[in-house]
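Each of the two complexes below includes chain A, the first together with chain B, the second together with chain C.
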Partner chain A sequence: MNKIFFSFLILSFIFATSSEAQKYFTRDGNINFISDAVLEKIEAKNTNATSVLDAETGKLEFAVLVKAFQFEKALMQEHFNENYMESSKFPKAIFKGSIDNFEALDLSKSGTYEVTVVGKLSIHGETQPIKTKGSLKIDGENILASSVFSIQVEDYGIKIPSVVKDNVAKEVEIMVDLKYQPFKR
Partner chain B sequence: MKMTLRVILLLFLIGGIVAYLMYNKPHENIGKASVDLKITAEALFADFEADEMGANEKYLDKLIQVSGKVQDSSTDNNGITKIILESGGMFGVVCQLDELTNHERTEFDIGSSVSLKGKCTGINMDVLLVRCVEVIK
Partner chain C sequence: MKNTFFTLCILICSFLNISAQEDDLLSLLGEEETTEYIDAAFKTNRVIHGHSIESTSEGVLDFKISHRFGMVNTGFHELFGLDNAMVRFGFDYGITDRLTVGVGRNSFRKIYDSFIKYKFLRQSKGQKNVPITAAWLTALDFQGTKNNPDPDGKASSRMAFTHQVILGSKISDGFSLQVMPTYVHRNLVDFNEKNDIIAFGIAARQKLSKWVAVTFEYYLTPGDQLPENKYSSFSFGFDIETGGHVFQLHFTNSTAMTNRGFITESTGDWADGGVHFGFNVSRVFTAKKRKN
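Up next is the complex of A and B:
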């Protein structure tokens, strides 16, 4: 009897730890941005961001291919890649960080959780600290994540020539919206 | 004098039209564009996996015709269709269909063979091609 109980205990322990060690993943994350300057509002979208969320530690990582941002106007896409982001030299933008208040969350319960994410954002070869609010929504076995934050382009070594200072904003708003699925090997 | 003024005005007008056309220049028509190179999904993925920097130099911004077997295909709520081509490993070559093209089809059977052309944007777990159009033989 004791033996059975013991093996049951071990089994449940294994199951519990293996579900806790769950990683979540997406390759279809949406990352959009808006540059809202005096003369021009420029929007771009990227529907191929990858991200991994470790549901045990609250660590998360994002990566996005700069050349995969789509603009309405071809010329803007060209300028974005060639003049500002130098995307042939720096093809990826990467965020590595963690959920600050992760221990207070219980992702096994359905609901929406407000989170604070801290970490480092690398764009155009420059890395800067980022702290932003976001939300996690438990949706069955998936997790929906979203966040909106702003960055100063000059922090990332991106220079805007004075001729276009009314066309390209100094501060760019970034919107993250994605659906994590359990990572299955 | 009048003549010079006319010439100047005309030049301004031409300049304005050129600037306007440049500003509004359309995205490249992928359907009509000729491809820079043809490769299998497996070989493309293997190249990126072996040497990402080298592969970036070779493939970024190129219009590539890639052929392979469909590992997965889906269309999201915003009508964006992606086809993942098998690479032999866990990740593959993701081809996102061009939103500016009317496609012959947006559904692809898993396991079927397909050829698509699109712009290579690099590797981010999967190799990613955007603005893809199916190449129908």
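Up next is the complex of A and C:
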């Protein structure tokens, strides 16, 4: 009987500690991208990126609804969803990774930290490894995160017809800018 | 024995607990249910002659140039109809994402046409699940020929009105279907014709690739509403999209491009080769940029 009680004690202890681990999240992160081609510069904005950062392990994850990208021109948005991203088939873009130099950071002190993020980016049903630089700024109890990196659309199985090769760039620059809040259960 | 069992239990539990967390941080936030509106059931706001459930986006001007050549059965002398062409120029404008207005000018009987179209239901899934898109269309045709077809010279005799409900659904990524119960009123008709015509339209689109689709459109006029020399409009064609243009190439038994003309006055008989080759070219301009 004692043993059972003891086991439950340990169990509850495990659950308790794990939920205390400090995590940060956002549901309204900004992820924008620019396609700068010869004839046309296309910009799109998404203000509903979801992300979670585990401040204990340095792991972080992002999810973005492809349909939530807003373009200046309605037709661009339609082509983006219908012809390039096939957003009804692949509704989300997801990143899962971690901060490479996490051991060297002390997030309890305020300041701005340069970080290297490595992980896997899944877009349009294709997953590719990504390594990029970014920064974390401790802002009171929140963490501001930002990063800029580029991807080749071809790597993600997105074909650009030759008719529009001067309108849509092969390399797209992605800008991430978000504010993490402490996650409370 | 009991001891080992419990220890094992704890181990498994703690392992599950940790692994669940490490695998998927995002699951902590839970799935936020959103409503996703289904767009682009058709490549443009026309299927062939008639309207599709699509409207012109807010602030977008859609310039359309359409041709219907002569009938194929006119033979080589007329180069299978290519020597003759009916032309329509038109502008459609999206006042909001749901409300579209448009005007056009047809060489056929010098008809000026105009319409107003309102999308009152949008197909969506997720939090709000709506299986169809629905729109209302009201259109006016005005015959601008020098000679009034009415011997009494009343201007109203040049007019015809169309009211239509368009109900459609993007059933899969590639396939869309719509039905269009339609009422056409012509103020002046020949002695053997009826002023009021009820028609049931059906139209579909099947994508062949990301940029090409095959379309069909049929306006059935049941019973003996049409005189013997007039036929229900039947058309099929291809939509080809390139950047800012949509090219629609088609074969049809209808000569006119306005509602009155193709729904109630199609003279071509498919069985007899009374078919026109035609095209619509749509080019969109963003007149008002969207706020981000």
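Methods note: the second predicted complex is superposed on the first by the 165 of 185 C-alpha atoms of A that agree within 3 Å, B and C clash if a C-alpha of one lies under 4 Å from a C-alpha of the other, contacts with A are read in each partner's own complex, and residues count from 1 in each chain.
The working rule: contacts are C-beta pairs under 8 Å (C-beta built on N, C-alpha and C of every residue); 3 or more make two chains touch, one makes a residue touch a chain.
Source: prediction; values computed, not measured.
Considered on the superposed chain A, chain B and chain C are sterically incompatible, since they clash.
Contacts of A:Glu86 after superposition: chain C is touched, whereas chain B is not reached.
Of the two partner chains, chain C is the only one that A:Phe183 touches; chain B does not reach it. By the touch criterion defined above, A:Asp28 lies against chain B but remains apart from chain C after alignment on the C-alpha atoms of chain A. By the touch criterion defined above, A:Val164 lies against chain C but remains apart from chain B after alignment on the C-alpha atoms of chain A. Contact with neither chain B nor chain C is seen for A:Lys120 once the two complexes are overlaid on the shared chain. Contact with both chain B and chain C is seen for A:Gln70 once the two complexes are overlaid on the shared chain.
After overlaying the two complexes on the shared chain, residue contacts for A:Lys59 are found with chain C alone; chain B is out of touch.
After superposition on chain A, the stretch of chain B that runs into chain C among 1-9, 19-27 or 109-117 is 19-27. Shared contact residues on chain A (touching chain B in one structure, chain C in the other): 27, 50, 63, 65, 67, 70, 73-75, 88, 91. Within the complex formed with chain C, the chain A residues making contact are 3-4, 7, 10-11, 14-15, 18, 21, 23, 25, 27, 45, 50-54, 57, 59-61, 63, 65, 67, 70-75, 78, 81-83, 86, 88-89, 91, 94, 161, 163-164, 167, 183.
Residues of chain C that touch chain A in their complex: 2-3, 6-7, 9-10, 13-14, 17-18, 21-22, 24-26, 28-29, 32, 34, 36, 38-40, 57-60, 94, 97, 173, 210-211, 242-244, 284, 286, 289-290, 292. For chain B in complex with chain A, the residues that touch the partner chain are 22-28, 56, 60-61, 76, 78, 80, 82, 90, 94, 96, 99, 119, 121-122, 124-126, 128, 130-131.
For chain A in complex with chain B, the touching residues are 27-28, 47-50, 63-68, 70, 73-75, 77, 87-88, 91-92, 185.
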